[in-house]
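Please go over the structures that come below.
Both complexes below contain subunit A, partnered by subunit B and then by subunit C.
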Partner chain A sequence: MRFSVKSSDLRNVLLSVINVVPAKTTLPILGNVLLSLKDNKLCLSATDLEVTIRTFVEVKTDKEGGVALPGKIIGDIIRQLPDVTLDITVDENYRANIKTDIGEYVISGENESEFPSVPKADIKHEIDVESDVLERIISKALFAISMDGVKSSIMGVYLQFLKNEFRAVSTDGHRLVRVINKNVKIKEDIGGYITSPKALGQFLKNRSEGGTVKLSISDNYLMFNFDNFVVYSRLIEGMYPDYEKVIPKDNKNRLMVDRNMMESSVKRILVFANKVTQQIKLKLSENSVEISSEDVDYGKEGREKITADYNGEEMTIGYNAGYLLDILGHIDTEKVVFDFGSSTSAGLAYPSEQRENEDILMLVMPIKLID
Partner chain B sequence: MNKKKRIMHVDMDAFFASIEQRDQPLLKGKPVIVGGEPGGRGVAATCSYEARKFGVKSGMPIALAVKKCPDGTFIRTNGKKYMYASMRVIEILNRYSPKVEPTSIDEAYLDVTGSVKDREDERKIGESLKREIRRELELTCSVGIASNRIFAKIATNMKKPDGLTIIADEELEKKIYPLPISELIGIGKKSEGILKNLGIKTIGDIAVYPENELERVLGVNGPLLSKLARGEGSDRVLAFDEEEEVKSIGSEHTLERDTCDENIINMILLKLSEKVGRRLRESRFAGRTVAVKFRYSDFSSFSKRCTYPFFVWEDNKIYSISKKLFYSVYKRTKKIRLLGITVSGVVKSYLNTNNNKIQTELFTNCNKSGKLLKTIDLLKDIHGEMAIARAAYLKIL
Partner chain C sequence: MFEDIIGQKKIKQFFTTVIKSNRLSHAYLFYGIEGTGKDAFAFEIARSLNCKDSDNIPCNKCISCIKINKMGHPDVDYIMPVFSKSSDEEIYLKKREKIQDPYKRVMFEGNTSISIEIIRNLKNSSAFKPFEGKKRVTIISKAEKMTLEAANSILKLLEEPPKDLLFILTVNDLGLIIPTIRSRCTGVKFPPLSKEEIRDALIKNLKVDKQEAETISNISGGSFSKASEYLQEGIGEKKEFAEKLLEIIFLKNSKIYLDFAEELVNKRNLEFVKDVLAIINLLVRDAFYYKINNESKTDIKYKIHDNSNINQLVVNLSYDYLELINSEIEKSIDLIDKNIYLYLIIVNLITNIRKIINKKI
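Let's turn to the complex of A and B:
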């Protein structure tokens, strides 16, 4: 295998696949990046068996072939090379010789056939989504997934394809986000798939604005085809919880408040909360909300009152301040709307105005105030 | 306020064996070994000084003790009796200081700072205490007095049995510094070897060795040892109502018979999880790090720990995590001799009195499991640990 490529061209594609190379692995071959050369196209792939990423770059070649090269070494040298032309030759012992104007480097690689092949799967469904729509829906939902390593089904984002309705849902059992976009052409209900956050992260990191993403679904994989990339994500197995059932339909106490004002107030009050529970209190009364916290162990407490639109029942609710900040940070309207039921039931939050064809809903469970 | 502390260490001489000799006067002056049944797998818990002459030591397998001292009298451990004696000893110690901290059944530390003004006082108080123990319980003990716990314990060990050793700070160089480093706690065979290579043989050598050099060779323990050797050891004695800040809660179990039967291993992990869970809940703790340790029959030990982003306090959760950790390291078919589970990184105020997280859940009804655990704990509080048990235990019990 022999080809020439500009270092800057190779750098871009290489650094985006290297992110997927696992830092620690029991399968040493996964520490490599696979390079395969055909029709003047150099295809690079990396995998951790859960997520596989593939991209390509145009090169000049007179001898096709393939090799798996250690990701760390090739990544480190490419990062540090100035803009030069690389002439890369790989011999029959999988040794790659990289020649540039400034020097020559040799890297020992592995037979490309040792590298796990790209997952083959029978595509069952294909859906085209605008890249910007997918980006928005994922980045709104991603923060609420569970990280606790216990229940794998809620450790991913639930992507649900209903007739002309695309949803992303995430929850960790204490909060939940549901983002719906009604402007995606889907002929029929296809169902939902739990997608690994790592694969979604690869999409978010590598995509460019505009354009379309082709989502291909098989029994075990969800593939994202966008720009020059293909990301294969092994679907997370398990039943996603029946999230609609836990979204309250009759929370009658509506609070509308300035998002920035509330966010900075919660941040200040968090300073005075117990470090473990991060518990703060919202005291709702007519046209105001009082945010307070105390930590008896350290003898500290804080209290602030902000004006807001509220004419529901007077009540005091405890929340984990971190959860509230996550919600406030992911709502992009000037004002945010909360619908509360009682001090022990789920509270809902939305942007004060939904975008066209979009429905964002966030839910957060309270902290019990009295034992 | 900052008066230099005086700490007394009291160690009962061959405690279990002495109690047996007291209760059966015919055994006086004879080798007595208290521990497991001869022929069984137990170890010698305590042996009388007469037995020690034959080379019998505490912790030695009974079989070996029998070999070394075939004419000795072997007595099965009678925990209740010794516990009672231990309580009586503590009663006596309580007359001498409000701050008495028993560290085991036959050992305690006393903070006597307030009761002594000079060496003469220390001698008097030591003798008086020994006299009362001998008169009321017919037992002897060894006493050490120094400025901190470690030196007090070293002092006790200097003269045994029935000794009284006082080390004033001025005497450290003369009495403590020449001692071999192995007398200092925290020095195992490994560190001893490392230190010997550096030419460090005595406690005094450690005291004068540059602290940063010790850190380089021993890691975090280096500076710690250096401090201990210079006499900056802990001089805090906790009174019975003072609590040490809890960092972890754990429990371990040595099997009756080594096994590789996974049913039995699982059962023991489950029991340990229940024990640890119960102790966590007793103090309303929840922890984020779970560690499992185990020992094979060849005495090689392994442990595996993991820190989670969530807190544990429920038996079932501790069990499922421990099982996962255990089987990730366990070499199947190798026989296990000891298992242990520890939960660390514990915090308070995460649970309410019903064992529920104060953070409410969206999908699961944690009320039920919390209430269930609370009820079980309550039953055990009132009627004893065996009042209620999992049906699964019936199979192997």
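Let's turn to the complex of A and C:
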């Protein structure tokens, strides 16, 4: 294969692909970036087996072909090169020769066919979503996934496609986020798919504002087609938990509070909490909430009272401060609404006003207080 | 399917049927001594389940077969005991060496294990659907080397395995695997290969001449790994040690056999010593057969000795002594596996054989 390309044209696409190359792997071929050249299009792709990314750049060629080249080396050189034209030739032994005005570089690669390839499987469903809508849904839902590796189905984000209703759900067993958007055209219910958080991250990272994303679903993959990119999420096997069942329907004690005020208060009170449990207490009473913490081991404690709209039952609830901050950080209205049931049951949080066609709900389990 | 696998007709039939009728269990535990084809079977099953050819399965030519044969298939994983400091590169090279010759004893020498980290990574990767589309196969070689933590951690995965994921665990000694793992897998016993199977494979695969193949197949104890090791290293030095031991046993000079024990221990290689003892076993058997069959050379059973001195050793002993001596040797081989001080084992063995012989002489 042989082609010419400007370093400035190659740099960004190459670096975004190299970003997926795993630093450490038991499968050495994954250390490579796959280059395949056809119709003056240089396709670049990389995978860590969880997420696969593919993008392309226009080049001038007189000989098509393909090769897998070590990602680290080509990444390092493309970062360092000034704006020059690269003339790249790859011989039948997969040795790549890169010529520029300032020098010549040789790299040994591998046979392109040995690179893991996402099969061209039958696409079962296709859904168009506005890129900005998808970005919002994903970035709201991503934070609550499980990281402990105990239960694989909740290690991903559950993307659910109901008739004209797109949902993203994540949970780690202690908290849950459910984001619904009712402004996505979906002809019929096609169920849910547990999607790799890394793949979602790659979409967020590489997308540009505006435009449309085509989501394609096959047996084993969910693909994000946008701009010059395709991001493939390998789907996670298994059943997603019946999340609707854990969302309480009759939490009657409503608190409405200024989001910023509460966030900064929780951050200060966290300083005085036990480092391991991160436990803080919310004491709810008429039109106020008292946020407090103590760490008996280090003889420290803190307490703040903020005014709020509340006229439910008086109660004191323990929470992991980190979980509360995650919730507050992902709500973008001035005020945040909490619906509490009791000091031992799941609490709900939402923005004080939902956007049109949108429904964001967050759930957090309390920590049992021992008195 | 299974054309290159030595012997094990029943297991071949079993898996051919099971694969063709798509009735694979989710986890198999292959057990039997080293060199009986456990890994060879596991690899062949992985290839067969992922091969892209339509009739000649596995074809060893399609891109899927090639990837597996280079240990580069995203859906086929081979886990082996390693050092905590082994690099990914070293591990990968070992795995490749293994799949290129599945009967070869390929391992890291020393105190290796399959750690909880390895099993955690496996759990994470097993959460996903197949990468290239067919069946995921995870082979855990020497599964007894899983640390207790790792073994407990894999239980749930074996109990509720993800769809399209086949586990094959291999182990030399079934007794070394914890019962909770055993009960979650379908056991497949790999019996030792017959002498004829080993002999024929040596002739066919390794182009060994008939006489040598005959000798080696006789001492390899049903293990093709052992047979090819004997072939490579030759049994010369081990046989010399074995013959020497049988000669000095009749001397009354205890210094000589203490020196001998020291010399043998200095080889510092347990496998070497075990092989020497196994050869002694065969030499003694040969000598007895020679004696019983009216000293006709053609009746020597194992055909491993050409040293007529050995025959003299047993001239005055009755056949019963064969069993006694053999059982002493077997006992010593067992002790070596149990990590008993090697020097002591050898000295005890010599002393005990002397006692048996002296009762008679």
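Following the convention adopted for this analysis, the second predicted complex is superposed on the first by the 370 of 371 C-alpha atoms of A that agree within 3 Å, B and C clash if a C-alpha of one lies under 4 Å from a C-alpha of the other, contacts with A are read in each partner's own complex, and residues count from 1 in each chain.
In this text, a contact is a pair of C-beta atoms (placed from the backbone, for glycine too) under 8 Å apart; a residue touches a chain by one contact, two chains touch by 3 or more.
It should be emphasised that the depicted structure is a prediction, and the values quoted were computed from it without experimental measurement.
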Clash-or-fit label for the pair subunit B, subunit C on subunit A: clash
Which superposed partner A:Asp148 touches (first subunit B, second subunit C, both, neither): first
Touched partner set for A:Leu204, first subunit B, second subunit C, both or neither: neither
Which of subunit B and subunit C A:Val133 touches, first, second, both or neither: neither
First (subunit B), second (subunit C), both or neither touched by A:Gln279: first
First, second, both or neither for A:Leu235, with subunit B first and subunit C second: second
Touching partner for A:Glu114 - first (subunit B), second (subunit C), both, neither: second
Which of subunit B and subunit C A:Arg175 touches, first, second, both or neither: first
Contacts of A:Thr25 with subunit B and subunit C, given as first, second, both or neither: second
Touched partner set for A:Ile73, first subunit B, second subunit C, both or neither: neither
Footprint overlap on subunit A, comparing subunit B with subunit C: 149
Residue ranges of subunit A touching subunit C (in the complex, touch as defined): 24-29, 49-50, 113-114, 116-119, 121, 149, 152-153, 155-156, 196, 219-221, 234-238
Of subunit B, residues touching subunit A in the complex: 308-310, 347, 349-350, 352-354, 356, 358-364
Touching residues on subunit A, where the partner in the complex is subunit B: 147-150, 171, 173-176, 241, 246, 274, 276-277, 279, 297, 318, 320, 344, 346, 363, 365-368, 371
Sites on subunit C touched by subunit A in the complex: 63, 66-67, 70-74, 88-89, 91-92, 120, 123-133, 162-165
